[in-house]
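Below is a structure I'd like to ask you about.
We just call them A, B and C in the order they show up, numbering each chain from 1.
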Amino acid sequence: MGVCHAVIRSVRPGVPIVDVTHGIARHDVRQGAIVLRNALPYLPVGVHVAVVDPQVGTERRALAVRCGDGRILVGPDNGVLSLAWERAGGAVEAVDISRSSFRLEPVSATFHGRDVFVPVAARLVAGAELLEAGEPLDPAELRVLDLPTPSVDSSLALGHALLVDRYGNVSLDMGHSDLLALGLTLGAPVSVAVRGEEREAVFVQTFADVPEHALLLYEDAWGSLALAVNRGDAAAELGVEIDDEVRVAPIR
Amino acid sequence: MGVCHAVIRSVRPGVPIVDVTHGIARHDVRQGAIVLRNALPYLPVGVHVAVVDPQVGTERRALAVRCGDGRILVGPDNGVLSLAWERAGGAVEAVDISRSSFRLEPVSATFHGRDVFVPVAARLVAGAELLEAGEPLDPAELRVLDLPTPSVDSSLALGHALLVDRYGNVSLDMGHSDLLALGLTLGAPVSVAVRGEEREAVFVQTFADVPEHALLLYEDAWGSLALAVNRGDAAAELGVEIDDEVRVAPIR
Amino acid sequence: MGVCHAVIRSVRPGVPIVDVTHGIARHDVRQGAIVLRNALPYLPVGVHVAVVDPQVGTERRALAVRCGDGRILVGPDNGVLSLAWERAGGAVEAVDISRSSFRLEPVSATFHGRDVFVPVAARLVAGAELLEAGEPLDPAELRVLDLPTPSVDSSLALGHALLVDRYGNVSLDMGHSDLLALGLTLGAPVSVAVRGEEREAVFVQTFADVPEHALLLYEDAWGSLALAVNRGDAAAELGVEIDDEVRVAPIR
């Protein structure tokens, strides 16, 4: 939202701002958490704000969290920041900014991005100390997101659909190394079972390695294994929904 | 549109730019005017351009207007700027920039954002005087937007649907104080009548204060009373259209 | 995509960035090439990245090209840059950046915007020489986009639908001067034949010059003749698709 940029510019006119995405589905805390975690290695160390906040205006806490690698994360205490701090060296210091003196008055009940998170972040960018921004919290008390657990043995990789992008590509909670553990090499056919239906896909490097409309399994740009249809929509064609179990096995 | 940023950067490479929104419905001058007025208090004092311009290429005037609080507004003379200058201390000086020497030649017939408004704005940011940008105009002659008038007495608040956001929340031309005038306090049930149908809503602070799918009346992030359905689309469910009369009354 | 901005900011925190568009249809190399060419005169001389890249991850080359006017273009060697360098004084020097040392490691197979094109562009902005970015290429070997050829004589202008914008306005590969060659002046009725059907339009300067729902032919903001319906969708109403032949003739 443009006014959030305006609020930042009111405090620090020339500071570089990067909008990672405005495409998170409404209320989808987990999608926001995963996208932030994925983007993190590409973001210069700085102050990162994430707002997916279905409980805005209630007693849920608002946070600023310093990570082990020096990044500061700002957002609601609903898990949306938790995957990011796990990747950034852990949460080493946290404050509750729900009543921060850096808030924009009057604080609305429904737009804490503008009135709480962004003004606090802007003041931290401007050099304020974390402890000036709010009340100290024990980092161990912060809400952490639970994700399903994949399992891999030598004959089967059992994972889950974690993310679907706007092209219908389905990102799984498995990586390239899991397929290697199955003894698979690039170009190998694999069996993919979703929702009780089994299909054949090819384990390849990129879309153009298979014919149009063929199903492929590849390492996506974030290092996750993903299902896709070349020039098609894998999520729609397979009927995959988030959290669906996906079984991948070699075809011998 | 990206080329408008490019035109600004050609004049002032490093100047901070804030895009308030690109989401105004095509030709909806009033929506543009209201959104600009709402955003204004959050924007640093500067030069603000608004282009909702169904009459582009005709003889409608192009304006640059200095406000009482020092802001300069640039856009077509069709009312889109008028709510903003009312909030910004009034229009104290105005020029007609239709034939401004700051325009980008050749001036297209259909994209005055790029060819007239933005280049004039960039030159004003760069320090040009308003009178260098165009011909003086009497501020009293500028087009002003007419909005419906709400009325409130001790038993009934009669307002109108002013804006519908992308979630279907309906912003009204009434404020919190109007409900207080009705003797309502947070948590009170209210009757809401739209298009001849009466429904019960609750006057609350935020969405999470009511169950899913319940109708609520709350002060939105811009200080207006608004109708919403928690995790739903109030405009669609109530069949509300812009300018519809909305009657709010206490349930005793 | 926001992470591309982040990658630029990691190299050059404060450099001005302009997003020309994120609205190119998936895989539509030609639309990308035309939009870049159209925008070019409005962009300050600098480094311009264009990524429409259906062959990403295959052996297609990645390019950085210096143009006659000093601009540097970065993108895949599939023609998406070719209309731009034609407008910018020609391709005077080119390098293959497919294995550039400026790439971001590990290079993903599917997101070369982030891992190849943008990091190379950022280093060029930061002052690196073109020859440090990759292996020299003969500019004559680069892929060039083929566009259909319009023809105009004194009684008929025969062109093609090149671009359809989000409002359904159809940009043709003809210009204002072609209609003047037909002896047409502003306000003249013209016959427009598409897909075997003939309709009457008016040659005017802008939308507001015709009644609502009337068909008009006008010079669009990029200097091309375009078909539009005032407050309507010309592409939908005429059933026009890209590359369709459009015949324009005077009505005597």
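Keep in mind that, in the parts below, contacts are C-beta pairs under 8 Å (C-beta built on N, C-alpha and C of every residue); 3 or more make two chains touch, one makes a residue touch a chain.
Owing to the predicted nature of the structure, the values given are computational and were not obtained by experimental measurement.
Colleague: Name the graph shape formed by the protein chains and their touching pairs; answer line, ring, star, complete or other.
Modeller: Graph shape here is complete: every pair of chains touches.
Colleague: Fitting on CA atoms only, what is the rotation between the copies chain B and chain C? Please report it in degrees, nearest 5.
Modeller: Superposing chain B on chain C takes a rotation of 120 degrees, nearest 5.
Colleague: Taking each chain's centre as its mean C-alpha position, how far apart are chain A and chain B in Å?
Modeller: That gives a centre separation of 33 Å.
Colleague: In chain C, which residues are in touch with two or more of the other chains?
Modeller: Those would be 14.
Colleague: Spell out the residues on chain C that touch chain B in their complex, using ranges where they run on.
Modeller: Counting only chain C, the residues touching chain B are 14, 16, 18-21, 39, 42-44, 167, 205-209, 218-221, 223, 231.
Colleague: Which part of chain B faces chain C closely enough to touch in the complex?
Modeller: 1-3, 5-7, 9-10, 13-14, 26-27, 54-58, 108-111, 114-115
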